[in-house]
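Both complexes below contain chain A, partnered by chain B and then by chain C.
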Partner chain A sequence: MKKLVTDVVVIGGGTTGIGVLRDCAMRGHRTILLDRADLAQGTSGRFHGLLNSGGRYVVSDPESARECASENAIVSRIQPNAVERTGGLFVVTPADDPAFGDKFLAGAALADMPVQEIDPAQALAREPRLNHGIKRAFLVEDGTVDGWQIAWSATASAKQYGGQALPYHKVTQVHHSNGQVTGVAATDLKTGEEVMIDCSFVLNCAGPWAGQITRMAGLPPVAVVPGRGIMIAMNHRLVNTVINRCIPPSDGDIIVPAHTVCIIGTTDHKVDDPDHLVVPREEVQQMFDSGEELIPGFRQARALHAWAGARPLIKDDRVAATDTRHMSRGMAVIDHSQRDDLKGLITIGGGKLTTYRLMAEHIVDAMEEQLGQSHPCRTGDEVCPGNEPGHNYLVTHRLKDREADRMTSPIICECELMNRSMLVDLLKQNPLDNFDDLRRQLRVGMGPCQGGFCSSRVAGVACEEGVIDATRSTGLLKLFLEHRWIGLWPILHDAQVRQAALDEWILHGTLDIGHVPSPTSVERDPVDDAPIDETGPTTMEELPPGARAPQPATTTRRRTRAPRSQAANTPKETK
Partner chain B sequence: MTDVIVIGAGLAGLSASIRAAQAGRRVTLLTFGLGGLQLGQGTIDVLGYTTSGETGAGGSGPGPDRPVARPFDQLPGYVRAHRDHPYAHFSVDQVREAVDWLAGLTPDLLVPGDGANHVVPTALGAMRPTYLVQPSMVWPDPTSVAVVGPRQIKDFYPDLAAANLEKTAQVRTKGYHIDLPARPGEVDSSPVAYASSLDDPAFLKRFAELVAQAIGDEQAVCLPAILGLRRTDAWRQLSEILGRPVVETLLAPPSIPGMRLNEALTTQAKAAGVRVVLGSQVTGFESDGRVITAVTLRQAGRDQNFPASQIIYAPGGFESGALTMDSYGHVHETLFDLPLVGAEQKDLLTGDYWADQKLFTVGVGVDDSMRPVSADKQPVYQNLRVAGGLLPGAIRWTEKSGDAIAVTSALAAVDAVFATSAPQGGTN
Partner chain C sequence: MFEPASYESNLLARASLDQCVKCTICETQCPVLAVTPLFSGPKFVGPQAERYRHGLVVDHSLDYCSSCGTCTLVCPQGVKIAELNSVARAAMKKGHTPLRDQIISRTSFMGKAMKPVAPLANAVLHNSAARWAMEKTLGIHRKAAMPTAHSHSFSDWWKKHTPPSAPTRGKVVYFHGCAGEFFEVETSIMTVEVLEHLGFEVITPTQGCCGLPMQSNGLFDAARKHVRTLADQLGVEPDAPIVASASSCVTMLKHEAHDIMGVDDESLIKVGSRIREVSEFLLDLADHDDLPLDFSPIEMTAPYHAPCQLKGQGMGRPAVELLKLIPGLTVVDAEATCCGIAGTYGVKKEKYDIGQAVGRPLFDKVREINPDFAICDTETCRWQIATATGATVVHPIWFLHKAYGLG
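The block that comes next holds the complex of A and B.
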């Protein structure tokens, strides 16, 4: 067992937890962050990528809009490379009430949010694919943001101040004695090692999973009500400006251009288990219909991939709305010294990515107040490492890079312009990564072919570089394809059906991937609904590098799925 | 004047064209692209795996997805278990004769079948069953194999293939690299560039020397399937220089063996008098309700009607876009809007990557003369026949059956045309 000593343990490696890690570290607290999966693999990596101008809140909640407007500017300054300054439009479609636009303008004025009403013709000149029947249009300062880039560069900043992030560490228990938190026990899922961390404070930033953490502390459960929302990435940037529908917030009312794609979102349905988020075909239909309202012909455009995220909503009736002093809008802070007479534990719920830095500030303030301390927050003052001040992301960055180095390193993923040296560098840095971990950093497999061509190359390179042996590499390849399919099958239509059939011909027809040996332990949960995209712990536990002598087995095809009750008994060889 | 219009230049379309032309018909082959052969593996599959725990005829016993040793022996049992399979339209002899006919067309390129499946190594290290192979793919049953490829090709990784082949082929293997771009200075050479370079004797010699320097004393050498495009004896020369058998290993497309096959069959078709019209997309048709009278051809941005006497429609399946599913989940055949079999099933797609997806079994139902039929089994058009990937009832990439389905259905369609109409005579 590994023993570590620190002041603060942050549980949850989403943007909230990482923001807290950075803030704690900058204020001089020794801090360790734990996540059972990769950083920003949960909700922070499963949204549409909007850096909110505040426009989406101006009518319902001007205070929230004010926070967004000011944090939008701060994040663009301290993490410029994660942000693309696309600008945003709020448009009134023929189906919408033009009078809402007046409320919108009034709210914006109240929130000090920059907004400019423009002529619909000007909006159409800027975004020609928009519904030509739009009646009003408002220009705002929306941007798009890569949640993973935010997470990594904030983590890098935290590290400069001594903060540590330990992904793939699953918390097993929160220890306390005499009403005071004393430590956290965790398991390193990539090595199997147990880790015991002595600490005096735990900040529970596990979002939709926060209730599971309070259970590990032996406390009455915190009522988490995850709200599932689906998003669909379209193959092209149908728009280069964030397009919002100028109506009270509703399903499918936003299209966000992000990297090489654009993303439509979203829905909101209560779920019980944030680990099993389905993408129902009827909600996909709803998104396509909403897309048509904003961009006629949306249904004929190529849909690439869908995913679902869980909003981290907490509804806890054991705590009266007491601690509102330390809350950002839309955020819940539960101080367990008041709720359960346990000192050294605070649980956080709610929030939004745009205001992640501000939320972290409030949370660390709350902790310091309990500790009787008060250090100033400086997270808004310093540019995070790896960011060139003033230089925001442009979708053409990679093209420029490849133009420069195409004669020295082959392109492994043509869709996302990832070359071999990018892949090799990351593999050598993180030899325990699975292919989804690599994908989040490199975007490999996220383009039109969805891994049909590039994923076997990744397996080959990993093996050739001696980073991952052939058996594990083959297993990771199969796992990657399984995970890609989870986001593909609900949205398959037209061009992407054709692509899927071609990919099947390549991987199964020609390469016969189903009959290449892989570890017997590659097995998934016998559940009938689609598990969360890129499952971290459950599957990675079963693929420890070198931890178990892999036995050859083949992955064969079944004509039909076994019913739930039988699936659990299906022999491993048939999976 | 044309007797037969064939639409599609994949294996089914080329086979139908050649067969009809050899029988004296005037044939026009209309194709938008270069056909699907160059995306496939360049061998001829009959049946590589039986699926879903059905008992094979050879007493192989139940079990999912079993490799097939002798496909023609297992076909009767397989068809009994899969009544909706395309093979259910044919006798075993019909399939065998069709495959033998094809092998006879290209004797230099396809090793005649002896009833048993071959196994061919793939870039991922599977030993893939198939029926007719090219001479460069015959597995010599070695006890040790050197797996070697150029560093500059990005769809072949010798270490990965070698390690997996050790298990699947039960041989001692080792991976090696050579450093030789297809063209000077390239870091990213395509299989086509290598195959063209290997047509050049000087490059082939240099390639062979580097391989010889790299490998150990293994009994055989696995190389990526890039061994020559125009000349088909590059593998033999390499084998002579290296003093041991050389085996081509299947790669992701573009497929050099598939291009060789395409080239050979297209040459045969032209030699038999087929008029091949490339870059011509068939976008519509005219009909009197009983027969199709003309197809609309879009060429160089212009639409023109092409009068039709007999039509053999062989455009491929979902991979070519001839079958598609729209955003509402409705499945269509995209040119003639033909009735489909299997499209109304529930759960056409599921979230289990390893499960066969029912969507890909949807296709155009036909009678035994390959005419598309409506739900009440009546022919939709008297002069329209389909072949190949449009036929419902099989997931070809899983069971490794697409090639023989294509050839057999193409010949059945042509033979049915002969049975109903005499050549119109005259000269072109």
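The block that comes next holds the complex of A and C.
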């Protein structure tokens, strides 16, 4: 068993937890963060990518709107590389009540949120694909943000102050004695080693899983109400501005141009278990219908991938527990010294990715208050490492980079323009990474072919470079393809079916992936292994014959994806 | 950046790229990618790179695309690959098109300028010192194929021309193109003589450039203006077929002005649906047993090259079928992808070597089949093949004219 000693343990490696790690470290606390999976693999990696102007909340929740408006500017400044300043539009479609626009303007004024009403013709000039029947349009400061980039650069900043992040460490128990937290026990999932960390404070930032953590401390679970929402990434940016429907918050009210795709979201359904998030087909249809309202022809555009995330909402008695959308998205800080007579444990819930830094500030303030300390928070003042101050992300960046190095390093992932040197550098740095870990860093396999062309190249390069042996590499390849399939199945139609068919022919017909050597057990991922759907097949082979493209009769085909019964009961992976 | 809501921004917002399944067929057929690593290939710069553009074009190497259109032709999913590239190139060059590209994309201007001083112009174009200076100052490669200037234009001939006999069939509008007006005057005259021999009443309205060279050099505004004017000019006889000896210009009118530059004017649609490349027109007559087959034999074997732009019209190789009807004549389709000139691509200093490498398989085929005589429908391709091989390269109409005993 490995023993570590620190002041504070943060549980949960989403953006909130990482923001807390950074804030604690900057204020001088020795801090270790634990997550059972990769950083930002849960809710922080399963949203639509909106950096919120506050516009969505100006009418229903002005306080949230005000926080968003100010944090939006701060995040753009301290983590510019993760943010694209796309701007946003709230549009009143022919089906909507134009009067809501007046409430919208009034709420914006109250929340000090910058907004400008523009002529619908101006909005159409900016976004020609928008519904030409829009009646009003409001320009706001929405942007897009990459949750993983936010997580990594904040982690890098925390490391500069001595903070430590340990992904793939599953917390097994929170120890306390005499009403005071004393330590945390965890298991290193990559090596199997037990880890015991002595500490005097635990900050529970586990989001939808926060209740499970308080249970590990032997306390009554915090009442979290996970709100499941689905998102669908479309093959390319149909718009270059965030498009919101100017109505009270509802399903499918936003399209976000994030990286090379645009993402439509979302739905909101209360679920009991954040590890079991399905993408029901009726909700997929609902998204396509909503897309049509904003962008006529949306249904004809190509859908790439779907996923579901769980909102980490803390139960609020002001609204019914089943109506999570109308619950305050403001944050809730629960001090367990008051609730459960246990010192050294604080839980935070609610909030939005846009306000992650502010949430961290609140929870660390609460911890210092309990400790009788008061260090100033400086997380909003300092630009995170790896970011060029004043230079926000642009969708053209990767193309520009490849234009510069196209003669020196071959492209491995053609859709997302990842070249060989990017891959090899990361593989050598993190030899224990699975292909999904690589994907979150490099975007490999996230484009139109969903890994059909690049994933086998990744496996080959990993072997050739001597980082991963052939057996493990092919095992990881199969696992990666299983995970891609989870997000493909719910949206499989039209162009994406042709792609999936071609991918299957390549992987089975040509590469015979069903017979490549693979380990008797690949290390399963705690989060990525999810059932597809209550009714979905686990591979394309299981589609009914009429739903499948014809296949060469001569190829021998075996099922390679894990049967559903083997897959752990955990949520779906993102974009 | 584009004007918002312009056709470019719509197309850059790119409907067809969603159909790409990355199969790579376009890259296996791209003649430029086959000879140079400087070009990233049609799949890369087309449907892949397009996902990274939002009106701003940062990948300047896309200009190595020759716009030959082979990728679009071979794509089994219907992705408008070449069109995506052309639009992106126009976006990239907008506001800073080099002087050279502005000059070489104005064929009729060059023709008009050289006509009064044709002997001098030809001397200059064949003088190595002058060509060296052109390369240094303008970036036109010293060895690149150049047209031959003429003292008399097609119009000069037409003004003095009287038809040999009264027409026995209906009217046809003849479209000769700028090269047919100034440089390939003989081809134009032969076409008119063949049509009149067949009994058509030939009408040749005043006509300007179709805009294709401007379009392929990214000068969309000028190209749109020209193609609209031309459509009005050629529309003089609303019911008559329009017959052309300039096969690439036909492509512009048939679909490129619409597919690449979004010109949707009714006058263009009417002209574009009525225009026929002359071999296509004559083969259609033959298919209806309406073409006299009283050809004198021509004992010859000659290679034929189908220009890329002609292939893009999706009508097969009408010239090959038509010339089969002439006794004694054996026409061998060279089955090469591209001659490497691609309009004005192969004359540019930085692309000349690529153009030559692209054309090499064709040049070898020509030398193998008949080193002295070859057939091709488009002017610039003829100049390229002639310069590279030393062969005489003629339009298919040359054979019909001869076989009908007209010259």
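What we mean here is this: the second predicted complex is superposed on the first by the 507 of 575 C-alpha atoms of A that agree within 3 Å, B and C clash if a C-alpha of one lies under 4 Å from a C-alpha of the other, contacts with A are read in each partner's own complex, and residues count from 1 in each chain.
Simple rule for what comes next: a residue touches a chain if its C-beta (ideal position, glycine included) is under 8 Å from a C-beta of that chain, and two chains touch if they have at least 3 such contacts.
These figures come from a predicted structure and were not determined experimentally.
**Student:** Would you sort A:474 into first (chain B), second (chain C), both or neither based on which partner it touches?
**Tutor:** first
**Student:** Could you tell me if A:509 is touching chain B, chain C, both of them or neither one (first, second, both, neither)?
**Tutor:** Touch status of A:509: first partner only.
**Student:** Which chain makes contact with more of the residues of chain A, chain B or else chain C?
**Tutor:** B
**Student:** A:281 contacts which: chain B (first), chain C (second), both, neither?
**Tutor:** A:281: touches chain B, not chain C.
**Student:** Under the stated touch criterion, which partner chain does A:129 make contact with: chain B (first), chain C (second), both, or neither?
**Tutor:** In the superposed model, A:129 contacts chain C only, not chain B.
**Student:** Regarding the shared-chain residue A:228, is it in contact with chain B (first), chain C (second), both, or neither?
**Tutor:** Touch partners of A:228: none, neither chain B nor chain C.
**Student:** I'd like to know which partner A:236 touches here: chain B for first, chain C for second, both or neither.
**Tutor:** After superposing on A, A:236 lies in contact with chain C but is clear of chain B.
**Student:** What is the contact status of A:453 with respect to chain B (first) and chain C (second): first, second, both, or neither?
**Tutor:** both
**Student:** Looking at the overlay, does A:22 come into contact with chain B only (first), chain C only (second), both, or neither?
**Tutor:** A:22 sits against neither chain B nor chain C.
**Student:** For A:486 in the superposed arrangement: first (chain B), second (chain C), both or neither?
**Tutor:** Touch partner of A:486: chain B, not chain C.
**Student:** Touching chain B and also chain C: which chain A residues?
**Tutor:** 406-407, 411, 453, 495, 498, 502
**Student:** Under the stated contact criterion, what part of chain B meets chain A in this complex?
**Tutor:** Where chain B meets chain A, its residues are 39-41, 51-52, 64-65, 67, 122-128, 152, 154-160, 162-164, 167-168, 185, 187-188, 250-253, 255, 317-321, 324-329, 349-357, 359-360, 395-398, 400, 402.
**Student:** Going by the contact rule at the top, pick out the chain C residues touching chain A in the complex.
**Tutor:** 4-5, 9-10, 13-14, 17-23, 37-38, 40, 43-44, 48-56, 58-61, 77
**Student:** What does chain A use to touch chain B in their complex?
**Tutor:** Per the touch definition, chain A meets chain B at residues 281, 285, 288, 299-300, 303, 406-412, 420, 453, 456-457, 459-461, 463-464, 469-471, 473-474, 477, 481-482, 484-486, 489-490, 492-495, 497-498, 500-502, 504-506, 508-517, 529-530, 552, 555-561, 574-575.
**Student:** Please name which positions on chain A make contact with chain C in the complex.
**Tutor:** Checking each residue of chain A against chain C gives 124-126, 128-129, 235-238, 240, 257, 260-261, 301-302, 394-396, 398-400, 402-403, 406-407, 411, 414-415, 417, 447-449, 452-453, 495, 498-499, 502.
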